[in-house]
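The structures considered in this document are given below.
Shared between the two complexes below is chain A, which has chain B as its partner in the first and chain C in the second.
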Partner chain A sequence: MITHPVPAIRTYVLVWVGLIVLLLLTLGSAFIPLGWGNAAINLAIAVAKSLLVIFFYMHLRSAHYVLRIAATAGFFWLAILLGLSLTDFVTRY
Partner chain B sequence: MTEAVVVDRQFDDPLQQRKASDLGMWVFLATEILFLGAMFVAYTASRIHHPEAFAIASRLTNLTLGSINTGVLLTSSLMMALSVRSTKLGLRTASIVFLLATAVLGLAFLGIKFTEYYLDWRDHLVPVIDFAHRGPHAGEIETFFYLYFFMTGVHSIHLFIGIVMVLVLAWMAWRRHYSPDYFTPVELGGLYWHLVDIVWIFLYPLLYLVSRT
Partner chain C sequence: MSTLMLPVRGNYLDEGFSLWSWLSSVDHKRIAILYTISITMFFFVGGVAASLIRLNLVTPTGDFVSAETYNKLFTMHGVIMVWFFLIPSIPSTLGNFLVPLMIGARDMAFPRLNLASWYLYIGGGLFTVGALIAGGVDTGWTFYTPYSTMFSNTHVIAAAAGVFIVGFSSILTGINFIVTIHKMRAPGMTWFRLPLFIWSMYATAIIFVLATPVLAMTLFLLAIERFAGVGVFDPALGGDPLLFQHLFWFYSHPAVYVMILPAMGVASEIITCFARKNVFAYRSMAFAVLAIAVIGFLVWGHHMFVAGTSVYSSIVFSILSFLVAIPSAIKVFNWTATLYKGSIHFEAPMLYLLGFVGLFTVGGMTGLFLASLALDVHLHDTYFVIAHFHYIMVGGSVMAFLGAIHFWWPKITGRMYSDRWARFAAIVVFIGFNLTFFPQFVLGYLGMPRRYHEYPPEFQVLNVLSSAGASVLAVGYLLPLLYLLWSLKYGPRATANPWGATGLEWQTSSPPPVDNFASIPIVTAPPYQYEPPEGPHPNPSAGQKGEGSEGAVGARDGLS
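Now for the complex of A and B:
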């Protein structure tokens, strides 16, 4: 039988606590008028939450680099999709 | 106690087979990111052109239910991660319990989501079928709700597939299909579940928190 090194339950629970704290932060920040800052904070917190899930729950922190490249590729092409589309939509009107 | 691990002939050993499965799953997830990403591009383009309308429309969504649902989904991800961990350690009962908890939280999410759809329908916020909002930005607000129903709808379909998948995994775990030597389906199922969770992590601020001040 193979034995696998797995993170402690504590790690998973702490990540969950972090996710919930970030959820409360993003919810609370929405009630403070900051103009475009609200959108920036919301987006930054969403990215932070996603990174927690990706690195700890999806195990990319300890994954082989080939997996990290595959994971990055998805977001890289999404950035191209978003970036090139917006060059049109932002400048057209 | 455990079944012998079947290694397909193109692989040298179980480890190489597992690594290939992981890579295949991540490539699939990359296609999912792009498929779902197109909706986010549509959203961004619309919001850039109609910021006031999106602010008004976002205030019409149900913040309480949306926030609770975010917490429910984040917790389901914890359950899923703990199930993968238990499976790797050969803790069969714990693995099944965590899988069932994941499915229950997934169903709770869908229940809350459909309650929300019902309230939206009652408030006449469903484009095409019954959209009665009037005012200076009515057309653009309707655009927001097109996106709202499409994006949360596609997400709900993914989550429904995830729930069925998790229940099948629980059944297979019950039948002793998984062991520390073979747990690939549970691990890949977990990756899918977490990706669906990440999609919601972005949907939540974009749909519910545009402007609450």
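Now for the complex of A and C:
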């Protein structure tokens, strides 16, 4: 059985607070009209939240390399979905 | 190396006879039987829908059912055949039965998860069948928006919910296969000693895990747009109607490879056995399976060439679609090379698989027609497409499934069937299939669209030929049901290795004991050992242990 260090409760709570802060930032950005900047900021915040969940809640920070490869494969396939779909959406008109 | 010895237990069929002993069993072999019974029932439900479709198309004026009923029939046929028969067909039945046996394990890595996946499959099936009984769905199996979200008055959400649920069954099965193949191989069973069937199951499992979540999300988005008016696909709400097709085909094209990769694995096992020759270029066969699984994820846009996607995107997807033909061709050429100078025996499994190779080749080659941008404009959404994918899914997958059932039937049940009847049925299926679907190539090329309730009178002759073929095909499918069921009671007892095949599953008794092996085998040689260093080819019907199996596993200590 593969074992890895489990983060302390404090870490989980801090990550949760971080996620809430990022959520509030997303909410706040809705009140500041920045055009395409809003989308950019919100996507950046979404990526940051994903990374917090992946590394801390899913324990990938300390996981066995096979698990990291499996998770990376998931993102790679997501990149295929988005990338090849964009060959249509960004060249349609 | 020391291995754990277990007391020899009876065969898995004698482990309990009550219904509960089956419904609560976590034995991979019993779960495989549960799946086999379930998918057979769904196959015949989907087959009845197909029969009614063909009956309606005997006359050009659609006299048999109304247009609305016709739409519901082809939707029911597609939904049931794709998600409740074809996708689980080989992986969930033979995959479940054979993966642990072929790699020298006692069970799957997660036996309870395995049983849970069957319950999810049944739950999803009941949901979808309930929707179909309650009034049906008329969107076609593809659930295309905006029809499915804005216009259809049928039970779209319920049917999609059933497909959503059954998707989780696929994911759980995929996870189980991947972990089992990684972690539970017998000592000495290195990656390049794995039978090619295992490679195909591994590639299939990867597709299950990576593609199915996208289908689940897509159907969820469809449901919330239809139910709550959230704009995802509706342009009036800020959505994009083609986004549904992108997401749907990102799953559904790889799903085609879920149907065909296991069939390829079966072909490799059966052709090498009945040609009494080792598989030609084993490693290229293994890598071709993986290449098909990966490239299969990159081609989905070829379903959308005339849907309004950009020309640039279409060119990219066209090129990628041509690329997937390369590993597919490698496999067909290697099967042919395996046959070359082989001592070929035409038992029923081999007949099915020879049929598979020919029909898959026709299906694959006509796929290249459809991947060509200009030709697709003419052929898109015609009967040419119907014929093409039925050559892959029925001519390919179903032929291989039947071949596999015949090949491993003695192992699964411990009984032999009548080879004479089985060969007759294989020929009937082959003739019936071609009579049903070849006229559809011509119909499509002449311009008959798919999913039409009526058609111009000049298409009647070809449609009557196709419907006549469907009735021959139906007989061909009913025959195995009859003689295989007959064999359960009256068939002669099967020996451990009636075909003289190599591979671990043939080294244990028929049917296998509960724990598969008395002790875990130690593997010291490649999977296929059909070619003795010198001398004549062995006869596959020779007896319990064909000479060709000598050396398949170096040490077989403790095999029962």
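Miscellaneous remarks
Operating definition for what follows: the second predicted complex is superposed on the first by the 88 of 93 C-alpha atoms of A that agree within 3 Å, B and C clash if a C-alpha of one lies under 4 Å from a C-alpha of the other, contacts with A are read in each partner's own complex, and residues count from 1 in each chain.
Convention: a contact is a pair of C-beta atoms (placed from the backbone, for glycine too) under 8 Å apart; a residue touches a chain by one contact, two chains touch by 3 or more.
Nothing here was measured: the structure is a model prediction, and the numbers come from that model.
Superposition of the two structures on chain A leads chain B and chain C into a clash. Residue contacts after overlaying the shared chain place A:Lys49 against chain B, while chain C stays out of touching range.
When the two structures are aligned on the shared chain, A:Thr87 is found in touch with chain C, with no touch to chain B.
When the shared chain is aligned, chain B comes close enough to touch A:Ala30, but chain C does not. Greater residue coverage of chain A by touch, when chain B is weighed against chain C, goes to B. When both complexes are overlaid on chain A, the residue A:Val21 reaches neither chain B nor chain C. Using the contact criterion defined above for the overlaid structures, shared-chain residue A:Ala40 touches neither chain B nor chain C, since it reaches no partner. Comparing the listed stretches 225-233, 351-359 or 405-413 of chain C against chain B after superposition, the clashing one is 225-233. In the three-chain superposition model, chain A touches both chain B and chain C at residues 73-74, 77, 81, 85, 89, 93. Those residues of chain A that touch chain C in the shared complex are 73-74, 77, 80-81, 84-85, 87-89, 91-93.
Within the complex, the chain A residues that touch chain B are 1-4, 6-7, 9, 12-13, 15-16, 19-20, 23, 26-27, 30-33, 38-39, 42-43, 45-46, 49-50, 53-54, 56-58, 63-64, 66-67, 70-71, 73-75, 77-78, 81-82, 85-86, 89-90, 93.
Across the complex, chain C meets chain A through its residues 210, 214, 240, 242-243, 246-247, 250, 297-298, 300-301, 304, 308-313, 316-317. Contact residues on chain B toward chain A in their complex (touch as defined above): 2, 14, 19, 22-23, 26-27, 29-34, 37-38, 40-41, 44-45, 48-49, 63, 67, 70-71, 74-75, 77-78, 80-82, 85, 88-90, 179-181, 190-191, 194-195, 197-198, 201-202, 204-206, 209-213.
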